[in-house]
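First subunit A sits with subunit B, and in the next complex the same chain sits with subunit C.
Our next item is the complex of A and B:
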């Protein structure tokens, strides 16, 4: 030990603990630091993406100009300075949306107010200048007039898009279903034609106008107005405007579906799929988990066998989730699903109905996976209830059922709730088994809609966790999708942390309550 | 209550009947649920058995699963996992690369996690202030709840590219952090007593964090220096030329770091339980005889709690072996058998996740993947059971020694 020699100093100072005390303290600090680093990374990259940052106009030493948002800086590979990555958009003009620029080659960086950022349905972002707006009829607008006209037009455009969407969802879809069910009938055909005509008219009113754009490198392009989703001039926005835009961005991320192969848009279908699957799972796991726990703790003879079973159940919580996925695929999908198909859905064979992954099988698999969690938590709650409570109930003449339902289960309620919440938190983060039993990269239909039986258990669904995996590893342009993946990861982590915090608080509450209980 | 006798007996009988019925239902349901959960093992065994007792002659030789095979284009027989038809012949099923990948990933994650988790457990059992300890536990529980897909994503798309560019910085950090901590301890001893009370050892876990950030800054300065001094300016090239180690962007060390991070909380929680469960009379006796707290831990508490600590590590190993998403996203998924920690790997769990949806049910590939699942199941179940048995024994021993106080 290094400080042994300082024996004289020891008399004055508090006793030394040697080097290991500091190394062990450092391991706690390091773990906490890593956790903070991870959460900080998710927070900054996930939330920062929605902030409409300033667009820089960079003039290089050789006279070339480019406009974009600075993303990050790196040292050059040969160590001769640093380079900066700009997100420049304009995939249709430049073929790429990124540009690495060596810092030494930059002559000047400015932030002109008129730089425009367009979000388009195809080709992603455009960054450049607005030259003119050419309406269907009437004179061409230029300069500031074009910008204010564009803003007004986009609001109107959004309203029309919404109208089309509503018409499609609420009028055409039910009519098509009816057509499939009842066959052709004059009335339906007429209604369908009328709706189609209305959509056609709305569509026609979308088109016509177009924007004349110019990138900072001088390339011109013409963009039909209907392709434009949003237009902004970030350099002209105040911080308050930016904050509002940030809020809007976050809201759209939560409420919209994805566009452009997951590089833009939101994650609403994935949120919906995750929540629906987890809800179904908790509906399945709660009664069965509680039943098994009550059996193990209250009914079964407390012998060697029960103890073994209890250890077995406890250890199933440690079995890898992928094994449950394998079980789900083999038993639920291929076994039960295959048989269901051959009995009830023969008409649509060989394309499987239940014989392929789907919502029902996914929730069943995850219910099985989380069953040990619920059983263990409930059992802990049951074991905490003092025996005199049970004996008191029985002494007053209650049967065992009455004792269970009136005394024991209400007292074990917080424990059950804790178990279910922990189960939900675990299920929300599991991805591996879902890859085998029913998650989809892009589900064409949401599992809930207005058609009988409203909840379609056989459909595939989207999931936040799988969305992260898929966008990060199977997407085309991972760099472009990265900010959205960070945002998705942050969302998933927040949901799971909230659930876990709730469970921790519940457990704490439970302990303090039982602390008072046993002092009777 | 004064009901008339006949209805009373009727009601009594009804209640009794209902009770018996409910008990029967609970029993049936409970046994059913438990049987369903246990059915996993049965299912896996039933599906795997046809590999070994085939009704028809098998299409692959079973020895090929664990012996090297002749591979077209190679002189010597080799281990290959190539489940889809390659252009030069049939599929090659050789399990050793997958087993190796699984064990390598688990081993590296334990290398990272065990010192961190056990150090943290020792510190919080010995030195940490009670208030901080009460907070630390839930925080680490939250860390445990972080989904694997998020950790894997960060490891594969943020950590791996970063490490690839800053290899020298990482090396410098590795070299600087332990001496830096010792230096912090040395400096702390030189502080005046008033300041020492302001920065007590019990809260060192918090106030060492800025110190670690400082170390990071120092490493950023030292890293390039190290690289140009010893490694000819490029650590990666030096590794490849001098040591012959290929560097894959997503490699075993990245997997180890990510999975180690994920496993730390579970090992910590169990090890801390074992250490703080040691009867206080033992520790107090040792300290009364003049031992420092660390000597108490090393000579008294650790021998008493060693089975518990071992079971914590075992449970960590079980988790690391079965973890799917982190390995899938951080490892590159190349089925290699090399001892090079900077090369990619492919684990059994990741193979199952990738290949099983495409494998034809009932086919050889399908059954082999199920065999992998069975191996995972058996391994984790055994390890967990063993750990549980050890912990039960330990608890009994503590009770005999005077009970947790």
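Our next item is the complex of A and C:
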């Protein structure tokens, strides 16, 4: 007889269950769809921002010209057609970086290759034409020669900036630290002066070259080369070049600090702060949660009081997170932190050290917030361990403590990790309590550095969730920050995913070592 | 050596042993779960280096009695006990007796195999590591000896580091026996050790039980009467928490003295 394959497509359909199977399958499908929509939105809006899109040169019916990137279209308020939003940059020349243009008013749209996009330290983007490059000495360069000279100059400029940065961090910072530690000494002072002199020389060599620029509406301006971060001619770039530029943009977003009041630049300090805070929180919540669960499940007399405590713990999970924030502010920051200050940091009072929001207090507050999750998950894991395993250990002459530490807890480890996974998921996305206990709008100094004790628990830190909130509601130009907000939201989701995957991998590793609980 | 004696002719017929041949002595032992009586005034002696079986219908208290022999009831706050259990003449509930030490002397194998989620080697070495103070070499030797005693060595010697949960049910049960033997008990309590196993594994475990009595006192709880007849030397029949008849296995199964016993072994009483 030949084995016949089961018709898998048919086998997967819910059969014979009536409407319930369809209803439950439908609700799963709906949840997945919504999730996919959310991720799709974040992906397209967030990642699209780094793509160097073509710059349009728009000629209006009245002869006026503007250059910019099309952002979106909307119907006109009076219903007579549609209008298009262009991001035109040139805040210094026009006073605004956006321009709404009615489609009916457009005479012609072209994409000339020579249109230039400059990213500057001040005033944001410039979009227009490069007229000339004026070097410190020598003849002024015009046209294509100016463009190739500009590209070469920018590469050299970047190298010098990097050199200055390295000098500051690797030479000057340690010297200053030594000064603070050992007091004045001729040797250190000399080394410091030498380093300063080298920085001065590098600065000078950045040069006084400047660019002569012209916007498409005919306004001229002169931009010192020093102010320019990047220059591109998107219309002249191939798709491969654009992809490379996109990759660079994403990398800079991940690795750099923010600029322009959180509406531009990267989010590295926020990524770092979020991950560090969540890790600290996990380190704090796991032992407490596990010990509490062990007590409730293994040690305490299973009477009315224990049941009451258990109900209390489960209900703590439902307390609004801002309440935890207020508690953290009152107890950790003002209470414990204030006392720490008056005992150990009296010298620096009235400026507080621990008596103000900081990494430690934020981690503690979130640990408190996620404690019920860990307790409940661990307790369930402990309760699932078969009685015969405990009796087996006891029958071999193990004390209760040995039974717990050698058999029960190792077997409950996957459940504990499940608890930690849930706690991480909850804590990483939490913003409200953080605003009270230590998150900062701008803290470019990450809480870990080479200074003793390396991890600075009292420092304020940045957080992706708060960064989103701040950029979206407190920024001057929300329109400009919007793509960055999407990108940050996407990043937050990815960071949580990564943290969870780590824990899931760990759990899988623990389980696979000895297989799952066999049930007989 | 065994002396037949009508201890309480009105209620039962019991065999008795000289104190020198006795491993465990149960004297006037009773046990309640809260208000629910489970065992009532039991008195019997378990002979050394023999297999003694407890039989009886479900709920008769045979497992409860077995678990009392290594104080596993200590964990249950509801349990109230009375009377005495003596191991080699010493009361196991005496305050100077350490319960962990007692459980090492009176090992127990449960109905369902319960290997720990560790390697085969670590399972057998579990009890040894609790005691500590053994060189790795010595521990290896004891692990090998225990696995050989449990007739499992040849099947696992090449994969001692594999998870114990990868073994079959019968192998797991023999592993659990090896684990218990490794701590060097004097008495081995077996609570329906073969009821979760297939017939071939059951035979292996039964053969193992017969071999082990050369060095150990074994107490077997079973509701499989053929099994009791096959492996045990003496059989105690319990009913409703009371000892009804206790006799050499041949006698009890071929010529029971009480009608209640006969009804049970011939299947007229569930």
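Just so we're on the same page, the second predicted complex is superposed on the first by the 458 of 520 C-alpha atoms of A that agree within 3 Å, B and C clash if a C-alpha of one lies under 4 Å from a C-alpha of the other, contacts with A are read in each partner's own complex, and residues count from 1 in each chain.
FYI, a contact is a pair of C-beta atoms (placed from the backbone, for glycine too) under 8 Å apart; a residue touches a chain by one contact, two chains touch by 3 or more.
The model shown is predicted, which means the values in this text are computed figures rather than measured ones.
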Who wins on subunit A residues touched, subunit B or subunit C?
-> B
Examine A:402 and indicate which partner it touches, taking first as subunit B and second as subunit C; both and neither are also allowed.
-> both
Is A:410 in contact with subunit B, with subunit C, with both, or with neither (first, second, both, neither)?
-> second
Should A:321 be classified as contacting the first partner (subunit B), the second (subunit C), both, or neither?
-> first
Of the partners subunit B and subunit C, which touch A:482 in the superposed model: first, second, both, neither?
-> first
After superposition on the shared chain, which partner residues are touched by A:295: those of subunit B (first), subunit C (second), both, or neither?
-> first
Once the structures are superposed on A, label A:493 by its partner contacts, choosing first (subunit B), second (subunit C), both or neither.
-> first
Pick one for A:394: touches subunit B only (first), subunit C only (second), both, or neither.
-> second
First (subunit B), second (subunit C), both or neither touched by A:219 | neither
What is the shared patch of subunit A, the residues that subunit B and subunit C both contact?
-> 399, 402
So in the complex, which bits of subunit A are touching subunit C?
-> 301, 386, 388-389, 391-399, 402, 406-407, 410-411, 513-515, 517-518, 520
In the complex, subunit B touches subunit A at residues 15-16, 18-19, 22-23, 26-27, 29-31, 33-34, 36-40, 43-44, 47, 115-120, 122-124, 126-128, 136, 138-143, 145-154, 156-158, 165, 177-178, 181-182, 184-186, 188-189, 193, 196, 201, 204-206, 208-209, 211-213, 224, 233, 261, 264, 268, 292-294, 298, 315, 318-319, 321-325, 328-329, 349, 352-353, 356-357, 361, 369-370, 373, 376-377, 380-381, 383-385, 388-389
Counting only contacts in the complex, subunit C reaches subunit A at residues 70, 72, 75, 77, 100-101, 103-104, 107-108, 110-119, 126-127, 130-131, 163-166, 169, 176, 179-180, 183, 196
Residues of subunit A touching subunit B in the complex = 2-3, 6, 9, 13-36, 38, 41-42, 74, 79, 288-289, 291-292, 294-296, 298-300, 309, 311-316, 318-327, 329-331, 334, 357, 368, 371-372, 399-402, 404, 425-426, 428-432, 435-436, 465-466, 468-469, 472-473, 478, 482, 485, 489, 492-493, 496-497, 500-501, 504
